[in-house]
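Handing you a structure now.
Letters A, B, C, D, E and F mark the chains as written, and numbering starts fresh at 1 in each.
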C-alpha cells in the first residue's frame, strides 16, 4: 500500500526527510496564496489560535491548491463535526489539539477514517474536484492524523496514545506543555522539565514508528528540533512573520532619523 | 489655522519631520491590526494595486482606529465616488493615482473638500463616531489630499498641478514614472531619466511648499529618499513584507538540511 | 399606461398619498429585514453616505423582498455602471445624488431606461426571478428615477432638470443644499436661504408634475414637509434610529442610579 | 490580587456598582460601533439567539475596541471550542447558557482558565495586540465567567453551581426559566413561580459573593432588577432597539396622515 | 392538533403525498434563490457535506423566504448548539446525521423542542419576523425532526430510534449505509445488502407511522424510491446539477467541432 | 512575437479554433471551481449582469487557477478603474460592454496596456504569483481586450472601432443589439434586422483580422454561430444552467407523481 502518490508529506517522511510547515492565522485567501508561493512543504490553517473561522477555510484551500503545497488544518477542539467538514473541504490532514487519552486519540483518528477503520461520513464534495475520480477509493486512509501532545496528562498516557492504529504523527505544543507541567509541579506531583518532556515525547514517537512534530518560533529552533528527530516542523505563522518583518524595517528607518 | 490637533501627519510635517507609512494590500482587518501595532505613523489601504475592495475598507479602518496610526487610502482611479465614500468611512487622507493635469488635480482636491473649497457631499456617518461632535466643522479642510505624480505628462504639468489650492502633498510612483519616461524616450520626445525626474519633482514640491512623498521598497531606499527631502515615505507593503519574511526563514532552515 | 401594478410607490403617488421611507446605512441583511418588517412603504439602501457597499446590496434586497416594502437605492455618484447593476439586482428605483444640470439629469434617467428612452443594457438577472416572466417587457419604464437637488447649481438649473422626460421625482438633500447656499452667500452671489430654497424646489416640482421628496431627521419634520407637499419622505436611517434608541434607554437607567 | 486595572467590570462590581450591558444580535461591525459609542459599560455579542456567527465576532470586537466599552460574548452552548476561540479573539468575558449542574459549571469555568485553575489552551493571538506585553501573565484569571441560570434543574443545583471556584457571576434568563418552571409545574413536581425563583437566585448569588445578573427588556425592568440586587443588567438588544425605534417614528408620522 | 397551517411539509405528508427536496451545497444566496424558484417543496441547506458554513445560512434562508419553498437544514453533527441556532434562524426542520442509538435520537429531538418535550432554549429572533406574532406559541412543536439512518448500528437500533416521541421522519443516507454494511460484512458480522437494508428501514418507518426519506442522485431513482414508499425525496444538489448541466452542454458543442 | 505560451486563448485562435466559454454570474468560488472543472476553454466572471461584485472576483479567480481554464472578466462599464483592478487581480482578458465609438474603444484598449501602447498603471500584485517572474516583461500586451458590439451606434462606427490597434476581439451582445436596432427602427432611421447585423459584424471582424465572438443561450446556437465564423462562444451561464437543470429534474419526477 502506498500513499506517496497522493500525499507528498508521507513521501517525505518515508524518505527520512523533514516537512517544513508554517501556520496560517490571517483569515485571507490572498495571504494564504502568498505563503503558499514561498516553498513550504505544507501549511496549516489554524482554526484554534487565530481569527480564521470555518467560513474562511474553503477560500484559503483554493489559494493553496494553486500551488503544490499540502494543506493541513488545526481544529479548535477534538470534535468529529469540524474534522469531517475540513476533510470534505479538501484538507490533506488534521492536527487535533489537547489529545490527552487513548480514547480521545481513537475518537480523533476515527473521525478521519471511513469504516471499517473509523466513522467518517462519506461526502468529499470538493476534494474530488481536484484529486481525480479515484479519490473516493483512496480517500479513506489518506488524511494525515496528527495528535497534539501538550499536557501532563498526555505525557502520562503517551504509550497508549501512540499505539492507536492510524495515528500518523504527534505534534508537540511547547507553550501549553510548559504551562501544564509547571501547574503540575506547583501541585508537587511532578518534577519534569518541558525540555526533558519534549525529549521523552520524541523518543516515544520514534519507538512507535510515528512521526514527531513540534512548533518552533525561529529558524534556529527549527534546525535544532529537526536535529533532535522531529520530522514535522511548524515554523512560526503568517501573523508573526508579518509583525516581525514590519517591526524590523520600521526600526531600521527610525534608526536613521536621529 | 491649525490642523495639528486632528491630523497627526500635518503636525509631523509642520515640525519638519518625516511620515513613515506602509501599504496595506491584504484585505484583512487582522493583518491591518497587526500592521497598525508596529508603530507606523500612517498606513495606506491600497485600493489600486491589491485585492482590497471597497467592502474591506471599513473593517480595516476599525482595526487601525484601535491604535493611533493615521489611516489613508489609495483609490483605484481619480473619481469623486470612491473619494467621498472613503472620506465618509473615516480615512484621514486620500492618495489619487495618475494625476496628470491641473484639471485632474482640481477635480481630485475638490472631491476632498466641502463647499466653497470643493464639492464633497456631506454625510460623514462614521468619522463623526470617533472624531467628536466638532468634526463636521473641522471636517472640510481636514483630509489630506495627495496626488500621485507618475507619468511624463504629470512631469510636464508639474507647476500647474502643484499650484492647485488645497493640495497637501504629492506622491511619486517610481515604477509607473520609469515606464512612462522610457515609453516617451522610445518615441524620442524626451531624454529624462527617472532618477533625474524624481529630483526635479521633489525640488518642485519644495518650491511650492508642498510635501514630497515616494514609494520605496527597502529601508535603505527609504532613508535615502528621506535625506533627499521626502517627508512622506511609503515603505513596502504587508504583502511584500510577509512574502519576504516567509521566504527568508524558510531559506535559513533549508540551508541547514543539507 | 399604468405602472401601478408593478410599483407600489407610483400607485401611492397617483392616489395623492405620501411615501414614507427610511435609509439603510447598516450593511446587514438582518438589520434590513428588521426595518422591512416595520411597515415602511419603501427603504433606500444608501451607497452614498454609509458603509454599505455594492457587495452588500444583493442580500439586503433579498431581506426586503421577504416583505412588501419597495426597495430603492441611493448611488454614490451619478454613474451608469452602478445604476445598471443596482437595477439588475432588483432595486425598484434609484436616487442619484448631486444632479446639477440638465445633461446630468438626462444621463441619470437614461441609465435607468432601455432604448429608445435610454441606454440601459439588458440583463435583469434577478428581478426576473421575483417579478414574473413579463418583467422584461414592463422593465424599461418601471424603475423610479429620483434626482437629488442639493446644490446652488441645481437650484439655478431647476426647470431644465425638472423637464427631463422620465424623471419621476426629485429628492432634496437639506444638509448639502444649506452648505452649498452658504458657500455661495459667502461669495456674495446669492442671498437665498435654505428654507426658501426648499419651498422653491417643491413648488417647481409640483409645477412640472414631478413628485417632491426630502430627507427629514424626525417625525415632526416629516409631518411638516408632508404638509408642504412632499410626497416622498426619507425619515432618518437605521443607524441613527439605533444610536438614538440605545442612547435613550441607557440615559433612562443611568438617571435612576444616582 | 486586583483585576480592576485590566477589566473595568470587576472594578465596577467591587465598588458596589451595576454594569449596564446590551446584547448585540446584528452581525455588523458598524452596528457594533454605533452601540459601543452610546456609553454602555459592556456589550455582549450574542452567538446564541441571533444571526451573529463565529466569523462576525472578530470585526465586532475591533469595533468595540475603538471605545472603552468592555466586550463580552454569549456562546451558543457550553463547549470549550467556542469559549477558547472567543477568549483568544479578545472577549473579556463569556456568558455560558444552560449551565444546569456543578459539572457543567466546572467545565465552563475551566475552559476560561489556564492551568492549574483550568484547561484553556494558550494562544491569545489578538488580545495581546491591544492589552500589552504583560497580558499573558495576567491573562489566566482575567476573563469573566458568567453562567446562565435558566432551568428548573439549575435552580435545583444552585448552591453546587455557585460554589464552583472561579465563577464570577450568574445571569438569569427569565424566558427560559419561566418556560422550564411552567413545564415542571405541568408535571406537578414544583409550584415555584418565576418571580420567586428569580428572588431565590439573586439571594443565593449574594450569599456566595457572586454577582447576580439578568436580562431585562425595558429600562423600567432594568431599574427594578438593579434595586433587587442585580449588578449586571443586560438591557434589550440592538435588534430590538432598532425595531422599536423604527416602529415608533413610523407610527408617529402615520398618526398625522389621517 | 394541526401543524398543517404553519408547515407545508406536514400537510403534504398527511395527505399521503411526497415531498420533493434538493440539497443546497453552494454557499450563495443567489444560487439558493435560483433553486427556490424552481418549484421544490423544500430545500435542505447542507452544512454537513458542502462548503456552506453557519455564516452562510441566514442569507440563504432569506433567499428561500422570498418564495413558498420550505427551508430545512442538514447539520454537520448531532449537537444542540447548531440545531438551536438553525431553528432560531428560521429553518423549518433539521436533518441530523449519523443517529445511531435511541439516546442520540432523544438528544436530537429534544434539541428541536421547547420544554417540556425537549430542552431547546427560547429566542427565535428571526422566525418571528416572518411567521407572525403567534409563532412563539406554536413554535415548540413546529420544527420537523429528521434523523439520518446510515450505519449498521442504526439499523440494529432501528425500532428504538423510531419510537422516540417527536421524531417526524427518518432519512436514509445510501452511501454511508452501504459503506457501513460493507465494513461490517468484511468483519463477518452481517450479510445484509444495502438494498435489503433500505427496504427494511422503509418498512420499519411505516410501521412506526414515521415518514421515510432517502437521498437519490437521479429523477429515475427518485421515482423508484417514491414508489417504494418514501415520502421525502432529496434529489441531487445544486452543485451536482450545475456540474452535470455544464458538462452536458459543453459535450454537445464539442461533439460538433470535429 | 508570440503570446501562445502565456495565453491559451490566443493559441486556439491562431490555430483557427474556437474558444468555448461560459459566464459566471453566481458570486461563489465553489460554483466557479465546479464550472472550471468541466472543461471550458475560458470562463468569464460577469460583473455587468449578475450579483458578482469586485469583492468576489479574487476568490473566483483562485478557484479557476486550480485548473487550466483561462479566466476573463466582463466589466460593468468601460472605466479604467475596474479594468486595471481586474487585470492586476489576474484576469487574462477583459470584455468591455457598450463600446460604441472609436474613442471608447481606444480608452478601453489603452486601459489594458502599459505605456507606450496604453496607460495602465503598473502593479500586477497577484498575477505575478502564478505567472512567474517574467510576467512583468510580457504583461504589457498579454491581456485580451474584447469590445462588445451591441448598439446601433457601434454598428455605425464598426470600422473605426475594429481598426483600433491592440483590440483582440469583439463580442456581440444579441439582446442589447436587437433592442437597440428595434428602437432605431421605431424612429425610422434604420431597417436593419439583428440577424443581418450579426452577419455584418462577423464579416467586418474577419476583414480586420479580429476574432468575432457572441453570446449564445444553447449548444445549438453555439454550433450555428461557430459555423458562421465566431471563434469565441459564450454559452449560457452558471445561473441559467443551474436553473434549467433543476427545473428539468423536478419536472421529470413530478411527471411521475400523477
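We take it that contacts are C-beta pairs under 8 Å (C-beta built on N, C-alpha and C of every residue); 3 or more make two chains touch, one makes a residue touch a chain.
Small disclaimer: the values here were computed from a predicted structure and weren't measured.
**Student:** What's the overlap between the neighbours of subunit A and those of subunit F?
**Tutor:** The common neighbours are B, E.
**Student:** Taking contacts as defined above, which has more of them, A-B or A-D?
**Tutor:** When the contacts at A-B and A-D are counted, A-B has more.
**Student:** Regarding the subunit B and subunit C pair, does the interface count as same (over half of residue numbers shared) or different (under half shared)?
**Tutor:** different
**Student:** Starting from the mean Cα coordinates of subunit D and subunit F, work out the distance between those two points in Å.
**Tutor:** Computed value for the inter-centroid distance: 53 Å.
**Student:** Go ahead and note the Å separation of the Cα centroids belonging to subunit B and subunit D.
**Tutor:** That gives a centre separation of 43 Å.
**Student:** Can you tell me which residues of subunit D touch two or more of the remaining chains?
**Tutor:** 25, 27, 30, 34, 37, 50-51, 53-55, 58, 79, 82, 126, 239
**Student:** Thinking of each chain as a vertex joined to the chains it touches, would you call that graph a line, ring, star, complete, or other?
**Tutor:** Looks like something else, not a line, ring, star or complete graph.
**Student:** Can you name every pair of chains that touch?
**Tutor:** A-B, A-D, A-E, A-F, B-C, B-D, B-F, C-D, C-E, C-F, D-E, E-F
**Student:** Going by the contact rule set out above, which residues of subunit C touch subunit D in the complex?
**Tutor:** Listed in rising order, the residues of subunit C that touch subunit D are 18, 20, 22, 25-28, 30-31, 34-35, 37-40, 50-51, 218-219, 222-223, 226, 233, 235-236, 238-239, 241-247, 249-250, 252-254, 256-257.
**Student:** Going by the contact rule set out above, which residues of subunit F touch subunit B in the complex?
**Tutor:** 53-55, 58, 79-82, 84-85, 88-89, 114-116, 119, 121-126
**Student:** Give every residue of subunit A touching subunit F within the complex, in rising order.
**Tutor:** Within the complex, subunit A contacts subunit F at residues 29-30, 33-34, 37, 58-59, 62-63, 65-66, 126, 129-130.
**Student:** Quick one: in the complex, what on subunit A touches subunit D?
**Tutor:** It is residues 25, 27, 47-51, 53-56, 76-77, 79, 82, 97-98, 150-151, 173, 175-176, 179-180, 182-184, 186-187, 239 of subunit A that touch subunit D.
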